[in-house]
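These are the structures in question, set out in turn.
Note that subunit A is present in both complexes that follow, paired respectively with subunit B and with subunit C.
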Partner chain A sequence: MGQIYKPGTKLSSTVCKTQIMALRVPAQELIISCGGAPMQIGDPPELGEMQGENSGTLVGKRYTDADETMEFLCTRGGEGTVSVEGYVIDIKAAKKLPSSD
Partner chain B sequence: MKPEKSCAASSETALQTEHAAQYANGLLTDLGFSPNVETLADHPALSYRRSGLLKTTGLMLPFPLASHIDGALMALKTLASTAEKLPNCGSLLLGERARLRETVRDGRFCAGGYGRLIETKDGLIALNLVREDDWDLIPAWLEDYAQNWDDIERFSAEKDADYLVERAAEIGLAVAKDEMPPKPESWFSIQSFTQAKCSNPLIVDLSGLWAGPLASSLLSLAGARVIKVESPTRPDGMRGGHQGFYSLLNAGKDCVALNFRDADDLEKLKGLLEKADIVIEASRPRALRQLGIRAEDFVARQPGKIWARLTAYGQAENRIGFGDDIGISAGLASIMGQAHGEPCFVGDAIADPVNGVHLALAIQAYLKKGGGVVIDLTMRDVLRCAMGDIPQDCAAIAREWQDLVDQDNMPLYQMREPGGEVKLLGADNEVWV
Partner chain C sequence: MNIHLLLQMASETMGNREALVCGETRLTFQELSEMAKTVAAKVGEGEKLAYLAEAEPVFPAALFGAALAGTQFVPLNYRLSEAQLKAQMKRITPAKLIGEKSISIQGIQPISASEILVGIPSERDASDEDGGVAVELFTSGTTGEPKSAILRHSNLMAYIFGTVEFMSAEEDEATLLTVPPYHIAGIAGVLSSTYAGRRMVQLPNFTAEAWIKLAKDEAVTNAFLVPTMLQRIVDTAEDSLDLPALRNIAYGGGKMPRSTIETAMRLLPHVNFTNAYGLTETSATICMLGPEDHRAAYESHDPAIQRRLGSAGRAIPSIELKVRSDEGELCGPEETGLVWVRGDQVSGEYKGMGSQLDSEGWFLTKDRGFLDAEGYLFIDGRADDVIVRGGENISPGEIEDVLRQHDGVKDVAAIAVTDTEWGEAVGLAIVCTSEVSDEDICGLVRSKLRSSRVPSVIKRMDELPYNETGKILRRVIRDSFAD
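Right, the complex of A and B next:
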């Protein structure tokens, strides 16, 4: 029941306040979950129960998978942990500061 | 070779004006000091040319921004206990980087080369892709697979400016709308706490790039001791830029490196902050909050402390900005459009040096008053205030001032030499943490 996502798409958790935006995603069907439940495009109304172990998301942080094939930006923090195809995605190192602007 | 001249020693009194002194006195009054600057300074058109801004921009600016920065530095000198080491004039600081790097504006690209003016469905925006991986964010920003400037132009042309600015803010891209905001009531805001006298201030500077480091550098020239704090994983990017320019901004500072994500280092940072009399930072409001560091707590804990911070668009916004794009948001392109029919970037990351001087002045003023204050500067507002009242007849003034500089064969203002040793990342960890 995966879906192909475009960069810029916003996904919301159905079990907490987390909202993420896809920055970079492979062009293949993906199942993206938060707190154990699939995330939905837009603002889903009802909050279900969180499943499994969750360490939460932080607004403004970028999350990526182990191989950095995809990247998401947390646009609203929450208690759930985001996973793609069952694998937890983690905070990416901060952007290098520019050598000039 | 002609001798370069300092702006304090101009001889052609006929071309000197009170613009700088008037601005200086306005700033002093804003800060609660009596206006006492009477020095004449170079005509605004001449300081614009002699600071290098004319060459960088390629077009005359029809209002006295350069003179106002001369004035801001004059005000700083009246408040500093030792002023001898401070630069000869303020406007010199606006042109230093472009003169050292020999960069000029290229059409719609800014002098630094990373920012560009882009047409949207309803007006221009400035997009500034200064960080390596900013390009990775472009598809998410435009919701399409844009890979180069041509793609960006094509996709942006179909979207509204406000929509693009809002999306960029959310993603963390530096995008600003070309607009002419009204002059803000004030160029800084404060939250007051308990005052106490402080004579030999220790500054901990958490900022990077240009504006913050320039402020702490000016204060160091005025006698303060400065510790530059960087993350070993994310040092001040300017270290990798022009070495001469890095030295101008950072010579004479001690350097401490701490990894803010490491629990031990974070404790050391908090310990170092306890030793500081003044903290300077330019991070996004949530960044330090997420580390459990709050400016208000720092100033409330002990009397006399100062926490001074810069944001691009205000504490309430998590929006990022750099010197060039902030310049567009303050109205510079709009005015160049009126004056020359060509909206464009002015100077080189102009909001940075303008804010650096104002930040140093605000800190020096409150230091003199006994501190106990959180000082906020919003970079767009400071620049807009420094632009002053915008004349109606921009095109006529631009022509008149251009005629004036066409007859000016004086050399540009003399470049500064770095004052003191330039230290490596974390060179003074053993001393301070």
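Right, the complex of A and C next:
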């Protein structure tokens, strides 16, 4: 069962240390997974087994889908790969701005 | 969302990096995080956390600590008079007040920096309550009582996510922070540096000599300055500035005189200059004139490119910007009108007044200006009549009120005049019924207000110009000063 998420929602992996925060999400039910298992709001009680191929998440990177309809910030890195509705989300290239303050 | 996340990520990922240097104090991100938790534990339920001091190590700890405690951080201007401060304090009760000044009223509980930093750190998680307020900042109060601008966690986080990459600073980078905590650039500097992982070097009492010495001693790579500070630094430097580690200077908070930025670029040819234009209500920067723009304008012989050295730059990617006429029509290139902006970092909200955004989310900055054909913004001045002297906003009304109390003064108007050192200074148009000397006028302003309010030009007039509905025509007065 999917869930509707809103910007600012923090999700934790149930198989690794990964935590992400939704920055932009479409207003529709979504299944968000990490390491093959659905992520959950709040800290998981214990970690389960990771499934499938995983390349991990990097803290501070932004992740988006191919059409950039959604965006997540990785607030804690881990070994699992995050997917939304079964599709892996990737690191979004950052636009480098000069330091302004 | 909660701005405390920025410090949490920094301390979890680069906890051993140096976060802060102030005098003899040196703190890592891990230590700063513990300090913020200790501050959070001291804030009572329902209390705000006010701050009445210069930028010291407790400032970033209090900013993040208030966020962790789920309350607002309210920095106050230590340069205000006791009466002004008490009036502002009344509007923020109940609150804990960090500071050394012994001003207190009912509902405000003073606590010193050393007291609030001792105790057991809070173990709570930061609240992610929707629409939570992170910071309340008092504006200068142009028409009367200062307004209290509301900055929500979501506004400040949108600014950081839109302009800073996490841990993008190299380990050797350090930024010299000289802007006071009650200025939006002082707040933004702490948030950006923390998220970038850049060491913050605090300089509480700015002098050009101290700035240059500290920049050298700490091998500072980045700095933010208001134009007056940069002017003082280039004046002090005379013909050379030996700061090999320095890479980036950002400036903002007022109009930069062309001669100042040109001299600075000549003295520091290896430094990247960025003009950052923004307002309190927009969570800091909304436009940037970057290093490449500076160099192109400096070297160009094309007047259209050259003049960009006086531009506020282009809107950052996460901000939309439009210039509209007073009637709301979209202005074309080179057409002066009012500057409107839209984006998640724009709060446009004041306490007790609600949101000032229009139905489509646009905010009127009250600055007048125009865009060139390539989208570079040129600011013409404030639509209201604030005098911006060295980054400090001066309300004409407070000067006029003081002078109107003088028996020999019939009418008076304070307006902005161009000033090489301060960007703008106070010009005074005055109508007197008896002999009142310039010395008397200046002395009165100095004694009742502050030296920054003292007029630099005084013009005697037979009467002041008014329109048919009795509104004073400041623009006409300004023009007469320019002649």
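General remarks:
Just so we're on the same page, the second predicted complex is superposed on the first by the 96 of 101 C-alpha atoms of A that agree within 3 Å, B and C clash if a C-alpha of one lies under 4 Å from a C-alpha of the other, contacts with A are read in each partner's own complex, and residues count from 1 in each chain.
We adopt the following convention: a contact is a pair of C-beta atoms (placed from the backbone, for glycine too) under 8 Å apart; a residue touches a chain by one contact, two chains touch by 3 or more.
These figures come from a predicted structure and were not determined experimentally.
Applying the stated contact rule after C-alpha superposition, one finds that A:A94 touches each of subunit B and subunit C.
Common to the subunit B and subunit C interfaces on subunit A are residues 6-9, 21, 23, 59-60, 73, 75, 94-101.
On subunit B, the positions that touch subunit A within their shared complex are 97, 101, 112, 114-115, 128, 130-134, 136-137, 139-145, 167, 170-172, 208-210, 233-242, 284, 286-287, 290, 318, 322-324, 349, 352.
By the touch criterion stated above, subunit A contacts subunit B in their complex at residues 6-9, 21-24, 58-60, 71, 73, 75, 93-101.
Within the complex, the subunit A residues that touch subunit C are 6-10, 21, 23, 59-62, 73, 75-77, 94-101.
Contact residues on subunit C toward subunit A in their complex (touch as defined above): 1, 5, 8-9, 12-13, 128, 130, 154, 161, 163-168, 175, 185, 188-189, 192, 196, 198, 222, 224, 248, 250, 252, 272, 274, 276, 284-285, 288, 290-291, 316-317.
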